[in-house]
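One chain, chain A, links the two complexes that follow: it is found with chain B in the first and with chain C in the second.
Moving on, here comes the complex of A and B:
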């Protein structure tokens, strides 16, 4: 190796290092921002946990101090007065079943709308997607009448039915995008190998669209887990309330009676399982969403 | 000889039956009641007791309660509009019912029912109610609401602080300002308030105009399509009085940053001496105040030159409404009649620390002064002088935001008058 090439190599390495350092320097504000955000979130959550074991007087008088004597009775009171445990299970059931049904209905529909060639396909796709633009409050009265007609008012199956129906437009919108990007040759090859139309869909195209299915599931899961409006209208029985509704009820009864410590205890009971669930699923959720964004 | 005896026996049986709230119908009846309470709240527990007792006395009647919480009226409206859900009776803030379901024609007139004998008194039921409660939201002579809980808006104060500084309960606006000075000199914040809670701030505007121009004037000003009523000198005076509270330090300057419930906690902790708010305040603060905290209440003071009186009461009632399409109006009213009994009304005030509408009931000592105010009322007006029930959109888009601007000192009293006059005219021009 000549002296010249050595010098060139060194200067190249130097410029790469400089560039890396510049990039690192440029990332400092982002890290600072994210660090501050994380610190704020952790601080806020810690404050809520701390407030949940104080007396109401301590919550306001000594907002940042450790309580003189932890008031575990706040948790006892909330647990016995509200049904947050039951509501958590209800939410898991309602949202879990809804997400599965949404995919069962939307995946074949999206496959046909994106791959099949037939008259009116574009119009049909537009009709599906137009559903995204309908505001929920406009549907309250007709949906109430429909559900009452089939005796599903104030039932979890009724709420699931509504969730599935109203989530289909958005899911079809996402999945048609995924299905339309899959290569035609794979379908042709499967047909040549003797696969039926359903087998082509089930054995070839559906596995290829799994990143899209994961993305759609995650978006629907998060959306339905936090959904409040429809649950408020269609569920009245305390035993059938999902978590969002239960938290609202808790907030109302605690604030009107001035039981702020009890409210914070309720928030902790509701939030902790949700955070644990998120930690468990976070990698899959993030990878699913990233895949979705690329597609 | 036998006939009068039989008649007497029949009469006695009938009287006894009425006394126990027993309804004559024997076929099974289910009353569907949608409630504004959450099932764990104190008021809901009292209603649960009332339901259990009523069902025990009337084995053929089952009261099916649905505890919807404060969104109750919205849910009832959706359900009734769908035409597929049976709801026999519901409860909510009387102002909200008046501006909502009642105005939309869902309510059953109760005039005839109210002529029934009271549950446990000799007079007719209508006579058992505290003055000016039943008639408050009557429409063309018809009474559609059955009020059962009574909140008064008045100054709530810490009696120990008043005693310590030697302050008497203010009777006039000037007295109030003098008490403020005394409290400031003694190192107290005179008035606790919230910085940006429009409903709480507007208590002042409502009370000032009720004292200056009399109850009902504010609602006329709100409905004045020209907006010119807002240029009345009384409004300017009320606006100036609002700013005086801040400029004199009656309302401490740091209040501007308070978010509910921050302001009211200053009263609970003995930093501030009084607050203009509803009679629910002692309940909200009961776990924050000292055990020996002594609550007192007094009406918004009279204003020199004003036509209103301190016996005009700002009353926020909670009421039942029976659905006009119910298949069981007699049974639904029988339940309400029982809710109005001394036993259940006393339970409300004892267990939930709220005021009630039965005139024979002694309110919980913590709100004794509200009881005196309610009993002495010569007239009552609802939220924001009934603007909340009649013109809720106007209230939320014009009246509240502009008064909060004045409250926080963002506009001068003169600018506030201009804004109200102009925007009221514009509002009604676009809503004609």
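Moving on, here comes the complex of A and C:
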């Protein structure tokens, strides 16, 4: 350590000691504001969980009380009667297959776009990324006509195809960010050792990019798990609905059935997988999210 | 890295084929369909030139939906970015629990919109909802009676919820930018006697200009295609007074309560939406273009 940084360090230590009190006092509004905001968010979500084990009477008569007896039967009711169970499985299938396919097609393209040198690379990257700016509603009608033409309307493979295709721009954007941070040396070393182009990609670069692949899968999983706009257009049969669309129909039928407790149980079923994933992997998500935009 | 053209083609092709067929071609088709009168997927489209766009000029529901969408874009944008800035400053002031607060503020972003509209609908319930009870408890009886879900006030109710959901994303983005600014900059400024505001104005904002610019572009793209929240907030189909452009487009093409099936006209709305996105992004790019500050 140099003399300069030593003194700087000491003066910093000194100043924090003398200013400690004042700084903490200055932070009080921050703690209050951020604390209140967080408390609101956590309470609002807990309130839904609480409402999901109440009777329909209690949901509105005693909105803030702990229920007299937890009504787990609400979960049973929506799971079997309202086809939430079926849609849960549909969602697992649709989203799982989509996420795998998204990575299978996007990772090779991102590798090429960020590391290979060829004419028109910049233009091609721009074409891929431009998709982020195209609003989905523009595609509703042409895609419906297209899918009807190939007889994939109202089928899970059709929805998967749409999900995969529309997720490519965003995924390529994230993955090119990851691939371009990888060191050149390893690539060169592999080439010198006689690896083929494909081996360099498959055996050297792809494993190195696995944190990026994981980040991209989490984002796509959460995004598609929650998606209901496209599902609303391309799926009509109740037994093919993904979970979020099922919850939408459940919410609409509430106007007639009044089964709010059941609706809240449905909400909890939709939300639990993404919240668990978030609690487990939020650091990775947050660092991955800013990779492309904050250099 | 140098690789063979065959290899490049092989790795690009799968994603590019999907992207081309299900994203780029439908976008171009949309531009064409918008020039047709087309009254259902079974019917033959009739070429009518720019008549759809002329009709849009006199469509009051369309202008209302433009008003709502631009309202979300501008009013929502100002509130979201203002709050995100305040929260970022608070979080980066050296407080404890920074990661926890950031994690909770971001949380609504990973929850299905349909679950969030259910939650907010319940909170806005007259008399027994969370807001009514809280405002009653602190004596603000006028606010407690506020008809949140009334046709004139629903946009306000929606805006509050949207701000709560969206702000976390921009906090994460801005915070990542702030964390990259070397702390010496602030040390030097403090030594020179710069106030907090001066530090914010002359260090933080200029060094964040790239992040802010990307954040605003992302917000605009996102806000202009708002669909899921307004669509599912009210139960059944929303009232025309709270239509966004994307919702109106959907109602015209696929609306279930009263099928309209004006496919060409709906697509013309989508094309207008795309033009607005391009225009707004260009304006933002121009406004925020400045010399890149290196550090």
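Quick note on the criterion: the second predicted complex is superposed on the first by the 188 of 295 C-alpha atoms of A that agree within 3 Å, B and C clash if a C-alpha of one lies under 4 Å from a C-alpha of the other, contacts with A are read in each partner's own complex, and residues count from 1 in each chain.
The definition used in the following text is that a contact is a pair of C-beta atoms (placed from the backbone, for glycine too) under 8 Å apart; a residue touches a chain by one contact, two chains touch by 3 or more.
Worth saying up front: this structure is predicted, and the values here are computed from it rather than measured.
Undergrad: Which partner, once the models are overlaid, touches more of chain A's residues, chain C or chain B?
TA: It is C that touches the greater number of chain A residues.
Undergrad: Check the residue A:238 against both partner chains and state whether it touches chain B (first), chain C (second), both, or neither.
TA: A:238 sits against chain B, while chain C stays out of touch.
Undergrad: After superposition on the shared chain, which partner residues are touched by A:252: those of chain B (first), chain C (second), both, or neither?
TA: Both chain B and chain C are touched by A:252.
Undergrad: Considering only touches as defined above, state whether A:81 meets chain B (first), chain C (second), both or neither.
TA: First partner only, chain B.
Undergrad: Determine, under the contact definition given at the top, whether A:56 touches first (chain B), second (chain C), both, or neither.
TA: After superposition on chain A, A:56 lies in contact with chain B alone.
Undergrad: I'd like to know which partner A:65 touches here: chain B for first, chain C for second, both or neither.
TA: After superposition on chain A, A:65 lies in contact with neither partner.
Undergrad: Considering only the touch criterion stated at the top, classify A:210 as touching first (chain B), second (chain C), both, or neither.
TA: After superposition on chain A, A:210 lies in contact with neither partner.
Undergrad: Do any residues of chain A touch both chain B and chain C, and if so, which are they?
TA: 60-61, 140-142, 144-145, 148, 232-233, 248, 252, 260
Undergrad: Would you mind writing out the residues of chain C in touch with chain A in their complex?
TA: Touching chain A from chain C are residues 1-5, 7-8, 10-12, 14-16, 18-19, 21-27, 29-30, 33, 41, 86-87, 90-91, 93-95, 99-108, 110-115, 117-119, 122-123, 125, 128-130, 133, 164, 169, 172-173, 176-177, 180, 187, 210-211, 214-215, 218, 221, 224-225, 227-228, 231-232, 235-236, 245-246, 249-250, 253-254, 263, 266-267, 269-271, 273-274, 277-278, 281.
Undergrad: Please name which positions on chain A make contact with chain B in the complex.
TA: Result: residues 55-57, 60-61, 81-82, 140-142, 144-145, 148-149, 153, 232-233, 236-238, 248-249, 252-253, 256-260 of chain A touch chain B.
Undergrad: Hey, which residues of chain A end up touching chain C in the complex?
TA: Going by the criterion above, the answer is residues 12, 23, 26-27, 29-31, 33-34, 37-38, 41-42, 44-45, 47-48, 51, 60-61, 63-64, 104-106, 108-109, 111-113, 115-118, 124, 127-128, 131-146, 148, 161-162, 164-166, 168-169, 172, 184, 187, 191, 197-198, 200-201, 222, 225-226, 228-229, 232-233, 244, 247-248, 251-252, 254-255, 260, 263-264, 267, 270-271, 274-275, 277-278, 282-283, 285-287, 289-290, 293-295.
Undergrad: Can you list the residues on chain B that touch chain A in the complex?
TA: Within the complex, chain B contacts chain A at residues 34, 38-42, 66-71, 75, 78-79, 81-85, 261, 265, 268-269, 280, 283-288.
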